[in-house]
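By letter and in written order, the chains are A, B, C, D, E and F; residue numbering begins at 1 in each of them.
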Amino acid sequence: MLGVPFDAGTTYQPGARFAPYHVRRVSALIQGWHPGLGVDVFRALRAVDGGNVVFPPFDRAAMRDAVQGEVGAVAAAGAVPVLIGGDHSVALPALRAVAAVHDPVAVIHVDAHLDTSGAEVWGDDHHHGTPIRHAITEGLIAPGQLHQIGLRGPWGGPDDGRLAAGHGGLRLGADDVAARGAAAVAAAIRGAIGDRPAYLTFDVDAIDPAYAPGTGTPVPGGLTSREALALIRGLAGIRLVGVDVVEIAPALDHADLTCHLGAHLLFEAMAVIARSR
Amino acid sequence: MLGVPFDAGTTYQPGARFAPYHVRRVSALIQGWHPGLGVDVFRALRAVDGGNVVFPPFDRAAMRDAVQGEVGAVAAAGAVPVLIGGDHSVALPALRAVAAVHDPVAVIHVDAHLDTSGAEVWGDDHHHGTPIRHAITEGLIAPGQLHQIGLRGPWGGPDDGRLAAGHGGLRLGADDVAARGAAAVAAAIRGAIGDRPAYLTFDVDAIDPAYAPGTGTPVPGGLTSREALALIRGLAGIRLVGVDVVEIAPALDHADLTCHLGAHLLFEAMAVIARSR
Amino acid sequence: MLGVPFDAGTTYQPGARFAPYHVRRVSALIQGWHPGLGVDVFRALRAVDGGNVVFPPFDRAAMRDAVQGEVGAVAAAGAVPVLIGGDHSVALPALRAVAAVHDPVAVIHVDAHLDTSGAEVWGDDHHHGTPIRHAITEGLIAPGQLHQIGLRGPWGGPDDGRLAAGHGGLRLGADDVAARGAAAVAAAIRGAIGDRPAYLTFDVDAIDPAYAPGTGTPVPGGLTSREALALIRGLAGIRLVGVDVVEIAPALDHADLTCHLGAHLLFEAMAVIARSR
Amino acid sequence: MLGVPFDAGTTYQPGARFAPYHVRRVSALIQGWHPGLGVDVFRALRAVDGGNVVFPPFDRAAMRDAVQGEVGAVAAAGAVPVLIGGDHSVALPALRAVAAVHDPVAVIHVDAHLDTSGAEVWGDDHHHGTPIRHAITEGLIAPGQLHQIGLRGPWGGPDDGRLAAGHGGLRLGADDVAARGAAAVAAAIRGAIGDRPAYLTFDVDAIDPAYAPGTGTPVPGGLTSREALALIRGLAGIRLVGVDVVEIAPALDHADLTCHLGAHLLFEAMAVIARSR
Amino acid sequence: MLGVPFDAGTTYQPGARFAPYHVRRVSALIQGWHPGLGVDVFRALRAVDGGNVVFPPFDRAAMRDAVQGEVGAVAAAGAVPVLIGGDHSVALPALRAVAAVHDPVAVIHVDAHLDTSGAEVWGDDHHHGTPIRHAITEGLIAPGQLHQIGLRGPWGGPDDGRLAAGHGGLRLGADDVAARGAAAVAAAIRGAIGDRPAYLTFDVDAIDPAYAPGTGTPVPGGLTSREALALIRGLAGIRLVGVDVVEIAPALDHADLTCHLGAHLLFEAMAVIARSR
Amino acid sequence: MLGVPFDAGTTYQPGARFAPYHVRRVSALIQGWHPGLGVDVFRALRAVDGGNVVFPPFDRAAMRDAVQGEVGAVAAAGAVPVLIGGDHSVALPALRAVAAVHDPVAVIHVDAHLDTSGAEVWGDDHHHGTPIRHAITEGLIAPGQLHQIGLRGPWGGPDDGRLAAGHGGLRLGADDVAARGAAAVAAAIRGAIGDRPAYLTFDVDAIDPAYAPGTGTPVPGGLTSREALALIRGLAGIRLVGVDVVEIAPALDHADLTCHLGAHLLFEAMAVIARSR
């Protein structure tokens, strides 16, 4: 587990740099046994908290280098890197590192947004709205294996979804999760991925702001916390080679709702990893 | 679009007078393309923000006159007035103005409360608990066309619902929406209204306070944000001639949850209007 | 109705001692007629607010003695005690008092947690994580009649649930309520209890922190407010001989969400009692 | 003591209607002995809490009638009315009632604002920015006996202060209190008033928003809490015939700062009354 | 430095058990060089963070035993114990431990309250309102050496101050600090103590709630943060043998004001200790 | 007046990018007449709100170019640029632009921090802790004309202040302002500057966090709001050629305290400019 205290890629409300601290704090309430999956997570994984990745808080290139280096070292050692962001721009160097070890991977991208913005939108190319575009164009995602869950809200235009759609994979909005059920969606993802190595990148704004108010670009109409947890739990059986939970902004949170939820999302993901061993 | 910064008709917690300001602020995150309905809302509508209606903030009669005047002018010009309240007492003059142009209209009233209080409850006749009573008694609502969605919570007595029930239309509580699904409820409303001109008055306390904490008279057990958005979206096909979203109280909000939700409710309603053109 | 302003049994975040005050405050929005169950609650029950039970705020033994005494007096008079906690350790003396009058009772325990911790966990035996263990070992719960609803989250180990499971009764997690529906769950509880006297102990952390942020040990993935209210309402027909709603911590609340919800949970429970008369 | 839960005279942020409730709540921390003035306040005064004045919450004229009636009854009985507002428009009917019994009185007006707005500012004549203008023009204030303390911030124009200045009395800004000291200012007021009957109207926005964040029209640079309390305490010796503390808006407060301060302001004023008996 | 996460001695609002965690968190902004006293605090002191004292969070007797044991070990080793409370009841066992090593000490007690309540006030003898009474009656404070600074607010009766006054020492209210200046007050304390060993017990409610909102029993009219820091800094020259900063309740704090202030109070005290070496 | 919505130079808590929006919002309460300086500010200045400077929110170099360009255009036109930051790194390009027109200027730097960090502290050279170092080394500040007011808190080492001290000018801590009075400090600054062109850069963390909680790196023991306003007001007579108010972080604010204060600081500065014309 690595923290990435970075939010200099944020287009709207910053603050995600403090998420590693606060998610760790509330994780004091988490115990080790997962009754649903029947596994003692911390013992099974021999999980290690590797502290935070270190870089100047406002230097995007330095962050990318540092994250790619540390995640690469973890992955090269045969361990599964689990990241607490930070904004979503931390996912790109993590994907680069993971793909360097495992070749292009399946990506489960849980998010309200497509994250495939063009460079022209903000006059700059590396921020929290572009990691999936870079990952596609750099060939980090296996063909047909970009699974986007939780999408909703208005777009800039009808072509916004074209790049992701062209790459192939599941594309299920928050309403689809409600209609089909989180377990069925997870089963569909499992079926599509099979035994490929998979990377889960979870932007908490996939979840409705009622459950996750502490995030910078909230979109109403999202997943419930129960759906989000069941979605990850339902992935048990696939081979996760990397995980990140991003975009938790504690200064916007209330009563640690989003931090507690982030800790539980990470616990579910670690239980999935534990079960696959 | 008109703001109505008025909350002098509030029986419990005031503050809705600041909603027009804050809903506009967070609407910076809204873009124009509605992927679900496939329409570029702002282009299709040639939407104009007409600013706020002007009146002394504590003068209920002056507010009613000003709103009726401005909404009437918009409706007479063939445009669709879209209001951001303000408390629910702003709906009455808007309905008067719309009915003056379109004759009695169907009303889709989404709310936790009946809003048909008698004059004796507060010793006064014009406040946020009476607009539907006035609209019925003034003949602004077409017979059989008062559709109330989201009702719940205790009443003063068994007769509270009598006036609305006697007028006719759908009456579906929050539990009914959960049981039938928001899309099915929307379809039922569409079926009942047909091609009549319809007015949507949406009190955010119809939504559960978890999703919409920024409101003055919260009632637990309400709609989810996903249901609320789907309910409006599902109206696509009917002929909306007026819309208001009321009772957002920013001072009680957290992390702009209710303001973001209000902006999205308005966007969905505008998409429905855009689709009917 | 009795308030128990006590939180000296709290292992994590205290503050529940102020719940009686604030739940009473927001109950100003509650009226008497229950449209769903068709009963005028306050008239049917001749409900009395007995004020708060009195004891030093940091003396756990004195609290237990005082609550057992006052609840016992209410129960002995043929009335139904309804408690506003306070943390969950107030339930044990209430159960002792009720069981002294009615013999061992069925217990409907709505909670995210098992509340059967061993003495060794905190080096102390009487706190908010142990009331159900004491109730079982003291014989206050009728055999096969411990119905636990809302469980979720990690445990210390696989044996955590053994004591409760061994006693017998329904054990349904928050996911089970979502899958089966709150009304069906309530019907199953009614079926299991039959005409036995029953005690409802409702820890608000059974509900998702989005709906009930004001609580000390939140666990994501819980019941919705609609499910929680429907669960209680669906008990109509059983014979409730005691009720508590516990673990509301107003200092952690926002916009009184949890306090409003607590008042409505109590209203639903009182409506169930009213219907059974 | 009378509460006046009214804020329908508010030009900016409403919410003062809940002040009577919350100031009473936190007054639980207040005990009876004033060590500085050496008096047991509640015993000396035989203070009675007369509850709230009753009127529809949005009817300004009804509020004025009701307050004038109740305050008049208290004053006529030889008791000293102590009001918790409510916005500042509650002061006018209280002054009318007091002046009806005591003839024109000296007024100690502690406030950031002049409260002498002209009718044309808001198109309406009775709101929280006009009570002092009405009191002057109605002859409720003895000539030369309008003492305004705490003034600061920008004005509409150089003539804003003319009406108050023309009436005569002390006019001391917040900076003057800092420069001279609160005790010296109080002594100057005592000297100016002598043995005349005096009415104290205390708008909490006289105090800096750091100490009193819960108010609707905050102005930085105000009194400290220590100065405010010392100012009132220093009035001991004059003959107070009425007191109000207004413009506390609990929804904007944090950690009850403003409510606690309001309770202490009232306690100091009651100690001053107790000492004059 | 030892944390004491304990608040089970709280009569009003609890929450101080989380202070050690949050004060440490914000101490990340503190650097080592004190420009005013010209000392590199951490190097001069070879300061060690000894973590938190361990005990069940609701067991007052166990807390006292554990604190006395750990503080005694620190003091016996010739080091100066510095405690972060916790509520004020943690001071008694610390004073017992310090007095066991150094004989009765001078006590600088900075607080809004006397903390000499009688046993009968709450029906219980060990809570945050009694540590000074116990310290006096147990002979832990050298005669004439109880210096109480920051007192204010109403008392239960004129005799409340008798016990402390009888013991002897300075008694200066918050108004006295304002009138004389914090540096002069510190000089007076230094003069009174001379070269005796001294213990500083600092309750943050000595400071005005505007500066320290995160505390359980706030009293308006307190010290400013500048006065509080200058008061401690001005003690440089005396021989501090123990320090505690207590009653910080993070859940009631805003923007970490009180936690930042607590960290700076501790830094000033450590600088005073560093200067005395 | 120009807004600079930038916080990508923040080392601790970000959020200052939203300050231009919120300071403008609350400025609705500001009127034009300054009673203390006797000037109608907006009329005298013919003030124009030039909107926000535009750049990608995470690109520090682009921000510097854009600010230097826009401020330079304002200064070249003979107008006085007034900036709302943004974090303190916006001051450097503003100083560059002003010095390009006016030659090296006197700088009045009101701040808790020196802002002369070395490049090695964060491994990066352009952030909110370095603008004064760059301004000195680039020769933007006239010799002997760096006046730093409000300094306090711990340093990294005794040499931290050397660079600023070597440049020459007044160096007055927050305690010095308290001891001498804000008006006297302002007079000293006026005396030191004479008729030189002067630039005022005001970091709100100079003010105590009780008055200005909405800032990223708070330091207890700062200026009061009254002192801060008086300090600026007291500059009347000098020739201000540029002003910025920086480091307001609205997400950390409460009840808009810091935003209101920021608006008043700007108003005072504009009044000083108006008086010098």
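Criterion: a contact is a pair of C-beta atoms (placed from the backbone, for glycine too) under 8 Å apart; a residue touches a chain by one contact, two chains touch by 3 or more.
Values in this document were obtained by computation on a predicted structure and should not be read as measured data.
Peer 1: With chain centres set to the mean of the C-alpha atoms, which chain is at the far end from chain F?
Peer 2: Comparing chain centres, C lies farthest from chain F.
Peer 1: Starting from the Cα centroid of chain E, hunt down the chain whose centroid lies farthest away.
Peer 2: Between chain E and every other chain, the largest centroid distance is to B.
Peer 1: By residue number, over half of the contact pairs should agree; on that basis which option among C-E, A-C or A-B is the same interface as A-F?
Peer 2: Selected pair, repeating A-F: C-E.
Peer 1: Let me have the rounded angstrom distance from the C-alpha centre of chain D over to the C-alpha centre of chain F, please.
Peer 2: Chain centres of chain D and chain F, defined by C-alpha means, are spaced 37 Å apart.
Peer 1: How big is the gap, in whole Å, between where the Cα atoms of chain A centre and where those of chain E centre?
Peer 2: 45
Peer 1: Which residues belonging to chain B are in contact with no fewer than two other chains?
Peer 2: 208, 210, 224, 252, 254
Peer 1: Chain C touches which residues of chain E in the complex?
Peer 2: Touching chain C from chain E are residues 7-11, 13-15, 17-18, 55-60, 62, 122-124, 127, 251-252.
Peer 1: Under the touch definition given earlier, write down the residues of chain A that touch chain C in their complex.
Peer 2: 29-36, 38, 40-41, 208, 210-211, 224-226, 229-230, 254-257, 260-261, 264, 267
Peer 1: Going by the contact rule set out above, which residues of chain A touch chain B in the complex?
Peer 2: Chain A reaches chain B through residues 12, 153-158, 160-161, 174-175, 178, 208-211, 213-214, 217-222, 224, 252-254.
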